[in-house]
Amino acid sequence: MKIVVCIKQVPDTNEVRLDPKTGTLIRDGVPSIINPDDKAGLEAALRLKDEYGAHITVVTMGPPQAKIALQEAYAMGADRVILLTDRAFAGADTLATSTTIAAALKKIDFDLVITGRQAIDGDTAQVGPQIAEHLDLPQISYVSAFEHHENHAIVKRSFEDGFQKIKVLYPCLITALSELNEARYMSIKGLLDAHRVLEIETWGFADIDTDIARMGLKGSPTKVKKSFTKGAKQAGKIVEGTPKELAIAIVDKLHEKFII
Amino acid sequence: MTFEMTNEDLMMRELFRKFTLNEVEPIAAEIDDLERFPEETVKKMANLGMMGIPFPREYGGAGGTYWQYINLVEELAVACGTTSVVLSAHTSLCAAPIYEFGTEEQKQKYLVPLAKGEKLGAFGLTEPNAGTDASGQQTTAVKDGDHYILNGSKIFITNAGYADTYIVIAMTDRSAGLRGISAFIVEATTPGFSIGKKEAKMGIRGSSTCELIFEDCKIPVENMLGGEGKGFKIAMMTLDGGRIGIAAQALGIAQGAYNETVKYVKERKQFGKPISAFQNTQFQIADMKTKIEAARLLVYNAVDKKSKKLPYAQEAAMAKLYASEVAMEVTTKAVQLHGGYGYTREYPVERMMRDAKITEIYEGTSEVQRMVISSSELK
Amino acid sequence: MNINDYKGVLVYVEQRFGEVQNVSLELLGKGRKIADELGVHVVAALIGKDIEKHSKLLVEYGADKVLVMQDDNLELYSTEPYTQAMVQAVNSEMPEIVLFGATSIGRDLAPRVSARLLTGLTADCTSLDISEDRMLLMTRPAFGGNIMATIVSPDHRPQMSTVRPGVMTKMERDHNRTGEIVNYPVKIERNKNFIEVLSFEKETEEKQDIQEATVLVSGGRGIGSKDNFGLLYDLADELNGLVSASRAAVDSGWMDHDRQVGQTGKTVRPNLYIACGISGAIQHVAGMEEAELIIAVNKDKGAKIFEVADLGIVGDVQKVLPFVIEEIKKINLTKKVEN
């Protein structure tokens, strides 16, 4: 079985803090990690490898330093890693990103493509399904369990109120949820080999067959017009009053924050 | 002199920190409380290749560096002194001497499973009457054909009862003095070898510390390590290496207590402000941090010397002496800055303070370290 | 592409097992406002099987036109047939804006549709506006909610976005509203991208891990007894959350240890943490201060918990919570879709 896992290196948004005075983002010292949903996807592939034998190719698109994410994937047990990096790819929105990755995947043999459901820095959940469309593959997103069979998979697809069991023939693409599994650690040997033995394949625009007009910033239909922080957390408000008034204050706050 | 970390080292350290945070820290209080040996953690470390980091792959190791191994000892100790010493005793005191002094057959038979983590190791030198003065060995090994017959006992042996492979020091020729001492590789299942009393300890309570008893215990001659009469030298060289491990453990404990304290003083409020706003707190934090960094430089310096195969006995002794005293001082201050809470088991600093104390004692007391350090200065 | 050829707002109407989802009515409400601003129509794409009966409801909530797209292949949601239907709806209506709910269905369908149409898509919007030059301004949180970004799609049509449920408000239902209802002859081609749904199961196992909960109602010593926790459970039910506790409450035997928040319990990071009768001991605060929104209810005005709370309520938990529950029940009731 040949599996391609697409991963993204992301800043650990749990470590991001806002400057309490200015309300701006403190990015310094925020570690880069493999996006959690993607890591669950990689782990799912590694478990298939453990159980049935599989060849796992891990692909990421990003700046040169994204190679660290690939080293980590290799240290966990991936067989081959490819870094898609080129100035032409930079500034891509989800459509341009998925176009680039799909073009690379066309050059790789696979039965199964696994992506994470969404990345914690963007939370869009769009790239996986868009890759599937570009590659004309069936897609199952929000996968929380995966069973391999001869020529098909039986997967559990989560919804807000339950889940479907779905049968899908290979080749196909699934997007993995973090709860699919608990990802393994890198092995010490794998980590050492990732630095001493592994040669990371680096592909640029010239290595994939696609139209430059569909890459990067130029190929992105959506543009960021502006971005802003929500502002510093204001000092809490203390309210006194009758029980009814107090209840209203709570409900109003929940309303304001879209909780109810 | 710089101790620059490579990308490989940095990623390794990240792995160690994550492993410690997720697997070690959550059970640290429990294993201390119940005096429970963390078997599950050892198994996890074995699966990841952490039980044989510095040994070459042909001997079952990961083929990593000595610094990487020491860094793991340090990072484990940040959360749990017990787990740290289990690894350190296994690697520095059992696997390392077999790697250094063992024959090819001994390495294949004993080092490979130790380095793979399939087997756990321990080291037996201390006796009731041979502690700081290790030359007073009472345990005897008498040659009988193709065997040695071991009789006697060892005390305070880390990993005892859980280890599969023991390095045991015994007297083979009392008339030859220190040159009459030899080292043996003893399997846990050898008839005549049993585990005696388990110590109830102040700290590192999850680690197993027991007596080893040898009653007409037959050890094949091929299990002698390094030749007859080489035992004292092997023991002393093993302890030189072991001291770097304990120094790293002490450093980790100090760092752990420091981390907890920094977190606490920022949260704890008295007189309407966090106690970190008081100058006393600030000065204490400054002193703690400075001493930890000084200890770290000494530890890494000893690692550097050993890695470069330069003499390092004095450096190791200085690192252990200083780091263990810093660990004691920092953990004591940490408890003080936590106030009443610090004295309770609600917070980990009291455990760290108890764990810190042993680092001034085992693998050579602070007094022994001072002897080692000054002896080469005053000869 | 001539972007001036695209006019109007198209809303994907999400139905599950034949029930129109609330988020779709919210989108019709927002779509209505946008359409009025642009001077165009709102079209609802109602996709499924035996669902034409909902058409009138959609008109009453703001649609000018309902495209009813029915086929045996559309009975249950599945990516490929629904993508085909939505693409046909877009090609037939040529809307400038297409809206989906940011649900587990909308977030599966919308990207597939956008890739087939080769147009842009903005996920999880919390605000939609129209610029002076007729562009849709799509604002969404990013970077773990730490920043907001406003996204535009200047040269591509339609402008597509998924919108977070609960953010937009639906119109007051108008039983007298009229609109055009069109049975659209949708053509579904069975191809290799079809999958087979073997079963659907409702979520039965309750998610009980307080670290997974998005809403926690937490009680402390001030709750007074195990029985008094009943109100906290009622509130948690209304908010789809769980009940947790401080160490003092756990030590008193009012709650299991696995529900304890704090240094010696669990560290939680829910979207909402309601601290009831909790004094705010440092060891407790360490376990919950990262919650996105903290509301504290405590009789003692000097309680430390107020130092970390976004909203501090000085009052008696047993007196305040019943009113809160009553109010939320009212609101939840209005959210139910009337048919």
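By written order: A, B and C. Residues from 1 in each chain.
FYI, a residue touches a chain if its C-beta (ideal position, glycine included) is under 8 Å from a C-beta of that chain, and two chains touch if they have at least 3 such contacts.
What you are looking at is a predicted structure, and each value in this text was computed from that prediction instead of being measured.
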Interface with the most contact pairs, given as the two chains involved: A-C
Chain whose Cα centroid lies at the greatest distance from that of chain C: B
Approximate Å spacing (C-alpha centroids) for the pair chain B, chain C: 54
Cα-centroid distance, chain A relative to chain C, in whole angstrom: 22
Distance from chain B to chain A - Cα centre to Cα centre, in angstrom: 41
Chain C residues counted as touching two or more neighbouring chains: 307
Interfacial residue positions of chain A with respect to chain B in the complex: 31, 68, 71-72, 75, 185-189, 191-192, 194-196
Chain B residues within the chain A interface of the complex: 6-8, 11-12, 14-15, 18-19, 47-50, 53, 57, 62-64, 68
Chain A - residues contacting chain C, complex: 11, 13-14, 16, 18, 25, 93-95, 98, 120-130, 132-134, 136-142, 154, 158-169, 172, 220-230, 233-234, 236-241, 243-244, 246-251, 253-255, 257-260
In the complex, chain C residues that touch chain A: 16, 76, 79-80, 83, 103-105, 107-108, 110-112, 114-116, 118-124, 126, 137, 141-144, 146-156, 164, 166-167, 192-203, 215, 239, 271-272, 274, 292-297, 301, 306-316, 319-324, 326-328, 331-332
Contact set on chain C toward chain B in their complex: 263-264, 282-283, 285-286, 304, 307
